[in-house]
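Which chain is which? They are A, B, C and D, in the order written, and residues in each are numbered from 1.
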């Protein structure tokens, strides 16, 4: 049985396991102030092309999102996000638990636009009875595996800057976005066209870990207090430093993402060949085919998917994810079965 | 210049001012434990037909809504409400500031249905990554002046009970709902068909004040701690007791509401006669006519309205409110001007 | 039976009741943007000797304290206060409910010192595992009726400024402090030697009301959003404007406070004559005599006090409060009884 | 240079690293619902001697403390804890950020007593202006390395039960308490004499991880929602399961703790021999010697300690920690140097 339910089914890339073992007996100060964290931060700054950014390492995505948002907003401000955004629906109200409203915008395939942000701010109109939009959250790739183009992100960021709204990009799956065949944005672009962003590693080959990159000194002020208070400051911070060092010192992060994309592309091609419709075209490591019930039932005997949504009485959309750990033989088995039905 | 912008433009009904003056030198213990509060609570219990309910008095609506919702929900729960609900859009994120998400449902003229509640609970499906619906909030009349029928409210409450979701009715303008020509629900019905509700006085003739009626002992447990913590416990609680005593001991509350309804009905008839379209049909003290820009400009010289929403390039919807303080002569002046245009 | 339990046993000074009645039918915009609020703010600015301050009107003290503190602090910051401070013990954790720790300092008769603030900041030492002191809260008079001298407040404020900690003075009973025989600070001094302060009216002759005075534009930025979110924005804001106008346009506020001080002084003299010890010397409208149980029992038949604390098996400290409404005959009756025991 | 600053200077025990490597390619469902977590929970239930408890795995201590406390308290309730407790001073206000006051009690060497809890509840006296004690937090060992006796804990728990206050034991260093020569409490005792407790692994040989054990179904209700919302639900939950499986399937956890205790005992004996005073007698893996400045300066060249507190102008107390990773040779080097001074 092969599972494609998500991109965090296995442990970590062997290079990471090796690095953790090799450094196991080093004695390091805690809480992310060790030299591995320092080095990993330097490597990230270098890849971003901006030595002035601040880099922090947190354990998980909900933690990272809540901490960043709670740090940037004033109490009466909310965060604009797509209705399908991770913070809108999949974090059990973590943002609200920190006191802030998620101002949900209808998305187009998970994306929001500069015009929507502009309209939301106009609607609020400095009326003190209405939550003030205080920042903008997007994910790249989105929760639906789609990507912003450089033009779209540029327009969004320019609008945010004009309206003095920080733009925060959730990069839980950033690598897959960067290495997609449809990629129009580089890591340097992401850094240039946002105020805060994350580089996710949990879903791209690490045991866990999200790097938070903050550009402005004001946004970064006392950010470590926020991490600690929100429960995100790992005692053995070295674990984050060592993992990100390993991911960033060569191209391990990019290569793993590239492999996952290639695997997804093969499945995508087979789905198209078989005439299976997709919920939407997604150019990253997540695919959303719509199977008829018989096909789904047949495939489920040997392959695991995430059930996404019921399309109609006889069809169901599922999510298929690939990752660094997806082997050719898994893909081949899936494709073969699919084409045989 | 006559203003119809809202239903809290004047002070309080003279009977209330008189009662406050007459009791001014009485010495009373603070925080709502004086005998006027006690008496007012008894009068309300009597009108509700249920001596077992608990009655609390708070100063304002946002306070009352936040306190009730924060008292009833567990941290990971949210409150289902219409997208146009007061807590959704007009309280600057007060509910979120207490840690809870407002789970917004598209409303029909401000109302939500049993089926929507059912679907929202089904969608959550006990997935711990998604905010759990923990209660339902409606307002009666709604923010758009519309009313639930007895059939609608019965269906909603039965669904809530089956799903173990407390139903909270915001009655900021409850009197207007009870005295509307279209009223299908009595105060006793409201009490029977909800778990917690408020009787608003700020908008119906008092200086301020919202009575919170709680039916279950479990919901009422330590509720006074919540009031104090959320800043709603008035030191001179007598002021609330005296006002509600005055409103409730005869039919002052109902009579004031009835007067406002009659005044609104006259304007409504004139609007119809003149062929002015309405944003929606509202049977209470709020009317939402759509004026063309010329008409609006002409009327605004002598009459104040709340600008509600731009309908198109040449039309604007406004809100006209009547209240206990709306005099016949004001109505006549408005109607005369309108018909003369 | 005469009650001296607190200074908010009666309604409001007749001048206030008169002003409310006379303006009752004026039509005013809501939420504190009417001309009475505007005028009251001007009068306060004038008395403070600083036209550049911002003035807001809130209903009650817990509301005012929570709103100011939540507005000024970052999420990881706490507020330094005396262990006996109102926010430390008598607000049901309102400050904590807004996410902030009250960093309690042992007080001397309710007061804290510049040296204590300095030491608290030194102890925190920029360690991100410890709550960062973000502001200082004092009350003047304190909860124990004591007063800061000009020298003490100057030292405290200079320390706060050097450490970049805003100083917030809770003036729930400010008038009594200003009019005490021991007063060393004027209203202008209070304004000069703090960043934010309140002028309380609930306990000095109004139905309710706390004026919040904010000196810096940064602290005042979007403060009205905070008021609304925290439930403190009164719909009929006029009520606050009219009351503060009445209190501030002549010397009604000061005269009422002066009267209460005179009444308290008479009781104090009688207590001394009788040899009754005091829990502490308090020069304002609150006295804390320690009665033996027999004396207390005898007095309680005809006079109400607040039971303060058990001193030993045979003695109890009570609080006696005077106010604008305390009549000579009440004082005489109490003194006569006391001296007769 | 050997460091004794804390007990989380190294990675994890080699057995844990081995288990993580061996299971690395297994495909597991996320969020703690895999079979390793299930198995680890069974092993813990078995060691606790109570198959009815619920077991959850979180990443870190601040997370675990905040999540448990936020889950158990009502909004107006606070948690009683020693002034030196971890939640009181070393979590950047995490508890307050969830809306609750830490009600600090003066501790004796880090411990609080049944009588103190009783007095705190009596003082609150159901006064709704005062935060209601809603639970009790202790740590065992305490932050100062001291231990509760069975008699003390029994008295505390009986008092808690009588007062209906859940007792929560923070066991961040529980193993060191269980294996101390002075241990008077077994794991089964801990489970019997508390409502919720944690078994800490971060400080006893794991990469990270705290097991939260909850006895009552009511306290456990929807606890996973709380974990998710507070950012503590690890995507690759397997990592926690595998680590706790390894720690609990034999006696690895106990053996590591025992080793650390033995190492600490040797240092303790040497300190005594040398006549070095201790800040307090601690029978676990933490020692608090008071060095004169010359001694400290000499030792610091080759050995790392945590600077704890300045005792006087010429003396400083430091903390020395041992752990699973402390080798005999490190201890010998330290002792030799110490005795040579």
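To be clear about the criterion, contacts are C-beta pairs under 8 Å (C-beta built on N, C-alpha and C of every residue); 3 or more make two chains touch, one makes a residue touch a chain.
In this text, all values refer to a predicted model and were calculated from it rather than measured experimentally.
Among the pairs A-B and B-D, the greater number of C-beta contacts is found at A-B. Note: the chain lying farthest from subunit B is D, by mean C-alpha position.
Centre-to-centre separation of subunit B and subunit D, using mean CA positions: 50 Å. Centroid to centroid, with C-alpha atoms defining each point, subunit A and subunit B lie 42 Å apart. Within subunit B, contacts with two or more other chains are made by residues 75-76, 91-93, 97-99, 128-129, 225, 228-229, 233. Within the complex, the subunit A residues that touch subunit D are 2-3, 5-6, 8-12, 14, 17, 20-21, 23-30, 59-63, 66-67, 91-94, 97-98, 202-203, 207-208, 225, 228-236, 238-239, 304, 325.
Those residues of subunit D whose C-beta lies close enough to touch subunit B in the complex are 70-71, 74-76, 98-99, 128-129, 132, 222, 224-229, 233. Residues 75-76, 78, 89-93, 96-102, 104, 128-131 of subunit B are the ones touching subunit A in the complex.
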